[in-house]
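Naming follows writing order (A, B, C, D and E), and every chain is counted from residue 1.
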Amino acid sequence: MAEEHHKRPVKMPQLNIKIIRLIAAFVVLVLLILRIHNVALESQLGASTWLRLSVSGLIIGGMYALIAIGYTLVYGILFMINFAHGEVMMIGSFGGYFVFEAFNAIPVTLHDGTQISFLNAQPVIAILLAFLIGMGIAALTGYFLEKIAYRPLRGAPRLVPLISAIGASIFLQNAGQLLFGPQRRQYINPVIIDRGLGWQIPIAGTKVLLTYSGIFSLVLSATLMVALYLLVQRTKLGRAMRAVAQDKRTAALMGINVDKIISQTFVISGALAGSAGVMWGIHNGLTNYFVGFLPGIKAFTAAVLGGIGNIPGAMIGGLFLGIVESIGPAALGIDFQLQDVIAFSILILVLILRPSGILGEALTEEKV
Amino acid sequence: MNNLHIQKSAKNGLVFAVIIIFLALIGFTVTAASMIQKVFGVEVSVGTMPKYSALIAFLAFIGLWNGWRAAKQTEEHPLQAGHAILAGLASGFVTGLFALGYSLIVGTLQSNGVNVRVYLSSLSPESIIYFLFGQSPLSGGFIQLSLSTVSAAFGALLVIFWDRSQHQFLIWKQKLSAWGNASWPAKLRRNVFVGYIAMGVVLLLLVILPRTWGSYWNYVMGTVGIYVLLGIGLNIIVGYSGQLVLGYVAFFAIGAYSFALVTAPEPHNLNWNFWIAILVAVVASAISGVLIGLPILRLRGDYLAIVTLGFGEIIRILIKSDLLKEITLGPRGIRNIAGPTLFGKSFSSDSDFMYLIILAVLLSIFLARRWQESRIGRAWLAISQDETVAQATGVDTYKYKLLALAIGAAFAGLGGAIFASRNQFTGPEDHVLMVSINVLCLVIVGGMGSIPGVILGAFALKGLPEILRELESYRLLVFGALLVLMMIVRPEGLWPATRPKYEENSPPPVTVEGGSR
Amino acid sequence: MMMLDVQGINVYYGAIHALKGISFHLNEGEIVALIGANGAGKSTSLSAISRVISTRSGAIFYKGESIINTPPQDIVTRRIIQVPEGRRIFPRMSVVENLEMGAYIHNDRGKIEKNMEAMFARFPRLRERRKQLGGTLSGGEQQMLAIARGLMAEPELLLLDEPSMGLAPIIVEQIFDIIQDINQHGTSILLVEQNAQMALSIANRGYVLETGRVVLEGSADDLLDNPHVQEAYLGGGG
Amino acid sequence: SGAQTPAPANTDAPVATDATTDKATDVPAAAGAPAVCATDEFGCAVIPPGSTIKLGMGAPMTGDYASFGIDISQGATIAIKDGGELDGFKFELVAQDTQGAPEGGAAVANKLVTDPTVVAIPGHIFSGSTEAAIPIYEKAGLPMLSPSATNPPLTTLGSKVFNRIAFTDAVQGKSAAEYLYNKLGFRKIAVMHDGGAYGQGLADVVKQEFTALGGEVVAYEGIEPGKQDYTTVLSVISSKNPEAVYFGGYVAEGYILANQMKQTGLENAVFFGCDGTFGAEFIEKSGANGEGAYAASLIPPDSDAKAKFDATYLADYGVPAGSLSPYTWSGYDAAAALIAMVKSVAVLGGDGNLYVPRGELVKAVRNMSGFSSITGDITCNDVGECNTAGPTFYIVQNGEWVQAPK
Amino acid sequence: MTTLLETRRVTKVFGGLTAVNKVDLVVSQGMIASIIGPNGAGKTTLFNCISGFYNPEEGQVIFDGKVINGKLTDRIAAMGISRTYQNIRLFKNMSAVENIMVGFEPRMHQGWLPVMLRTPADRQEEKYVISEAIKLLKYVGLEGLGDNLATNLPYGAQRRLEIARALGNNPKLLLLDEPTAGMNPQETDTMKAFIRSVRDDLGVTIILIEHDMRVVMDISDQISVLDYGQKIAEGSPNEIQADPRVIEAYLGPGASALSDKYRRERQR
């Protein structure tokens, strides 16, 4: 199975089709540019608006990217779409929620006698712990998910684990609802990353608010992504993961414990999802059992957009999708309701032009 | 019995501890107990908890299972009674300890006036007290501990009995199958008329049942039937031609909406005839299949999956968007969709619809089989297994893939039209991603590429949740778990596909177990 | 001393009974050849020793200890290394990375570097291609890489599966030279080959497998002179 | 309440079974059946001793709208508890999962009509699911009183059984537009909605009415609910400088918008919500950002009935009133009103069975008048709009909802 | 003899690597032509250019007088070029007969409608294909194994099944990529005879890639040698065996000579 996959089959593009495609792409591009140009001229969207749009796109995109990496990591190794990944993120987000909630309940008296919560007295500890716990339980969920729902299906036809993943996703979502209730729960952020606070950047007469929580999310996701990239490229564990991805049996012949590596992959991918979950909570101020569904689908899209199985691809795909989603409707002058229509249309367009994603395997022709 | 065994048993106990505590946390213990009580014919009165005996029965059942698993894990042949019971005891004890711990924590919190429910919403005071058998946390916990240990030991005993009787059981089984292969059942099986008679009985049932089983079952079975239709369509795309499509609902939506728009008084007041409208729906879906297929069929595997998923979402969002509100009435949906008429007479009762659906399903099975068992089916299969080589062997892959998509879409369109007509209403909420996922699941749960599989799968996917309604809010939880279980137990599907035979008088072919590639 | 002792192992692929109670052994320092037709079970035997497939019954002893319950990764740490059929290079890893994968069980960086140098010295072609991705190497280069990768683990017992398959005659020559050389440096070798002529000419002893059974065994020279072997595996004595 | 018709102890008249209806309403020709059952259009529901009188509800209990279904059904359950007994018979709520979809609505309706002891439906939740269910209940003669199906045309379908206490989008939208234009004096507003039938319905009406009054709707945007970042759309709206942002949708999106308006240059625009965004949750989750926001409501915020309900809910389910989804109170009211109506028509038969004449009940619900409830008095008109009064508008001041000047 | 296939300065580049470099090849009707060369010389790549998998950057492939490069693989198959693969590529989960029947695809004409209606023409075609496929099965010596899934067949049988599938569309030209790889000498001899009989019985022209010199030298009418993508020699088996460049780049001292060498070494 492994061999069938790493030679990602791409059909031989024929010359005429190529030319037609190029022309079509060119026409679409010109139309897009014209449209954007017109809209930009007509609407009075100032520079500040564009900046706001880009920043919010980047932040959302960063989170998509984090989740997408989890998808890609697992896909790279098992060639399966881990449909339950979004739910793992949801569970992570509850981990962070409960840490904040608990810390908020602990009162602390400051030197000057004022009463504040431990959450605000030691925000750094609180945030760190929230991430640790969120990532921890998400990692644990990932670990058991693999062990229970996927490991028995090793070697089954490709779509079977997908269905198992869908079942697991339904299970986890409902477990979340039953455990924590259907209502949304508000994330009590430490004040220093409150969603209303941030840097005021004056632009063209108005001010643009860059929230601390947003920038924090962005920086954190960037850091995590780089760390992960280094892990996969530079460390022995990373090499082992790549080896397992390329050929499980031969990997075993090198002395790699394949099951262990797969477990570890799920743990890492779960932890990433968990961090995204906590971030999502902090940035948006709430969580509930359904919070993983939409980002899950989006991140999956991002992973494919970037070239599924490819870690830098997932990052780029996530950021790209985030930005397209937020700038797209404004730039094209389309109703925001159609945000996802634009996002998916761009996806289709990109894949038609680059059938294996933005950074997917360089388009070599299949060797037979 | 060594350290390793003890460790294994403890680990098993831990697993069951997690299960028990999870079930308690989501309040499933109460629901399970009430169901047990109901099975014994005692209704649970409103606003009260079931009897404690029901809870004991439920916990004992889990304990038996716990002990069973623990004893099996010793992997001894033959099983030694002492070891097995010890393993069961150990495992049960570990589980019990955790149950005790849980009881203490939750019970103490509860008695100290903490409203646990604020954090864990299923954990009502009554359910906590119920879990503690109405006792103090400590004594309630000890009841749990002893119950778990004792029942696990009995579970281990069961294994021993099973082990002892297995040999006998196997002999019986062999005898039975030998007899089945040798005497009249075998003759019956080989007789073609038996097949015809069986088919006749099924047909007769299909004719009689809709009249007799009431509107609810007509509705549920009608839904199952519509999903069979969808399943057969998607099976052509995914099962036969091997293209993973996750946005199948798009074609369903196009079928439902085009049918609705040409028959409903609002918004266009066209009021077309039912049969013409059905045709329109089928053709519109098929054309949309071709149109979306043209640019994207070059994509393979998961790239195709995500693009079609996107397409499904695009259609759904467009339907409810402001942009198309004039045409589709936006999120409100379309009402007063026409029902079937024949010679000016209306056939819109639930059993009429059931017959219509049965007819449509029979027709689609007939067509799907025709295609499947022809050169087209072979070409699809070849494409699904090795597209590159199929093409180099002379198969016009592009054409066949488009054909599969168009036919699959047409079936979805038919399903959508019947669906809209039966509900007399359709709205964007009917065409969400879950529909695609459900149809994909039923195709694979049933056994990819197999038509009987699709039918079984549709019962599993759409019938099961209806049956599980008894479970109330645990319905989907259990359903999700069952889905995972089904895949693990039968990865090749409930009724896997087989290949037809062409060579006469050939020796029986060697088969390989499992569907692994 | 008997290094590897395989006693009556049975292997099934689903319903296919691939190995029907095969027994053979290998003494320290030997080259032992397994020959036989397609599907005779040669590769399966090697995989059974590496424990990447499971045996239904039978025993395998390595240096006197049973390894039947040892997982594959621990087989490798005991320095039983398989160079699998069809090379199975990691296609998206560079030559260097592939070699490092071979040394996965080792942690001593210095020694790994040294071994890698030794491999490059033995296969200069690989040094030229050190940055190239494994998947783009030609068949012969891949085969060299596969052997070098196996040697990076510092094997005591090397299981070689058809090292000459699909290679140009001139490369076959080189490969056989190398095998002999490795053996002379103290590694025992279990060699599976279609090219029975060559295999037996460098081996000490050999076994002939047919449809999952050992049908002949003996010293390499005896086998080379055996009329059945000559007819079936040596191309009519050519 | 109590039996309106005296129960004749021994009527020999066989009870008619309506051929067009389902088994559910078939009444065995029992000696104890009251005469009214023979004449009733739909026959009688027979509740044998030991059984409960069931109210059936179709609601999303799973999926992304589960909080609506669960909250409303739990609200209704409290009403059941408060409803007490009728001649020794208890009431029970059977809430079934529709997942909020029309398909699920029809399935549940079909399921509920097969249970002969289900007498009335305090539902469904969501207009689509309701719409698919109406024809089924129509046939079986089960009166509906929906707490939350607000799509205006539902009452124009000519249904005998469908009634609702949620007020329609048309009524609310019109008064909101007038309030914005006349009372607050705004001339440039942005209109937003969540893309759902309810939210968009409202937004449409507001847009149309506001324009008709002479105002300008500078932006009309739908958002996709369930997301948690709407800064992009708000940024674009902010560039059009509206004086107010009207939003049709639910509180979950409402407070996110109110919060994010402050980050996107809409600090000075007024957030004007609807009854979907009313509730303590809005204040709790928008904090200072919510100050000055408007919403509409049926619920008197400080009524005793509401306080009592909120306390019971917190005790029973651990959820504070602030986190409840809108319509939870209507769920209580719908169930309470139906229980009262059942009590008014049910007859205890001579055989110990309780008989509920279905046709009578349908009529009783439609003729309901002056039933007092948490959300105000319920009086149904001839098409089943039981809440024709306009909404009251509220504004957040100092972290509390107070009634806005009329 | 008429020319069936001609390549003119065919060139295929991968990234920086010129895998096939201006190769001219002429194959006449009825020939068995062999292509040999070191690993990575570009033999398989040349096959891929001929059968349409790759579109050469430069040069032309002319089959039966028509330029075919740039055409899709299924069109080329329909014109009468069939092939097998270096790593067996069967439709694993289809039965052996079905595999062959797929090979008949270019010769079948019934569309989805006739198939749906099961018209007499369709039935007749189907019947014909089944009987022909079973004949082919017999021809390649797999009689009785037809209903087995391809994946369950032994290796040698799979190789022959691949050839049977390739013969399904009644090809004029058959490309065989290392048909005897992984076979022992006895099996190799059987395959050699079989290849010859395909040419003799069916009149199919064959191009063969092989590393086994006993096969190549015995049955080839013409041998072309590739090295680093270029054709370095061409001629009859005797000419090639004697060509010093070929010996240096490819043949080496020869297999039997080698084993003698080892034998002597060990005996010392």
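Going forward, a residue touches a chain if its C-beta (ideal position, glycine included) is under 8 Å from a C-beta of that chain, and two chains touch if they have at least 3 such contacts.
Predicted model only: the values in this text are computed from it and were never measured.
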Review point. Where the contacts of subunit A and subunit E overlap, which chains show up?
Key: B, C
Point to revise | Chain whose Cα centroid lies at the greatest distance from that of subunit E | key: D
**Study point:** Chain pair with the greatest number of C-beta contact pairs
**Key:** A-B
Revision key, fill the gap. Subunit C to subunit D, mean C-alpha position gap in Å, rounds to 75
Check your understanding: Where the CA atoms of subunit B average out and where those of subunit E average out, how many Å apart are those spots?
Key -> 47
Practice item. Could you put a whole-Å number on the gap between the CA centroids of subunit D and subunit E? Key: 74
Exercise for review: Could you put a whole-Å number on the gap between the CA centroids of subunit C and subunit E?
Suggested key: 30
Exercise for review: Hunt down the residues of subunit A that sit against at least two other chains at once, touch-wise.
Suggested key: 174, 177, 181-183, 335, 337, 340, 366, 368
Practice item. For subunit C, write out the residues touching at least two other chains, lowest number first. Key: 16
Check your understanding: At which residue positions does subunit D touch at least two other chains?
Key -> 62-63, 70, 195, 220, 222, 224, 319
Practice item. Write out the stretch or stretches of subunit A touching subunit C in their complex. Key: 6-7, 236, 239-240, 242-243, 246-247, 249-258
**Study point:** Touching residues (chain side subunit B, partner subunit A) in the complex
**Key:** 22, 25-28, 119-122, 238, 244, 295-296, 298-300, 302-303, 305-307, 309-311, 313-314, 317-318, 321-323, 387-389, 391-392, 433, 437, 440-441, 444-445, 448, 473-474, 476-477, 479-488, 491-492, 514-517
Revision key, fill the gap. The residues of subunit D that touch subunit A in their complex are 62-64, 66-67, 69-71, 195, 220-224, 226-229, 231-233, 235-236, 238-240, 252, 256, 259, 262-265, 284-285, 288-289, 319, 323-325
Point to revise | subunit E partner contacts - residues on subunit B that touch it in the complex | key: 367, 370-371, 374-376, 378-379, 381-382, 385-386, 388-397, 403, 407, 499, 501-503, 506-507, 509-512, 517
Practice item. Would you mind writing out the residues of subunit E in touch with subunit B in their complex? Key: 51-53, 72-74, 76-78, 82-83, 85, 89-95, 97-98, 101-106, 108, 110, 112, 115-116, 118, 122, 125-126, 129-130, 133-134, 137, 144-149, 151-152, 165-166, 168-169
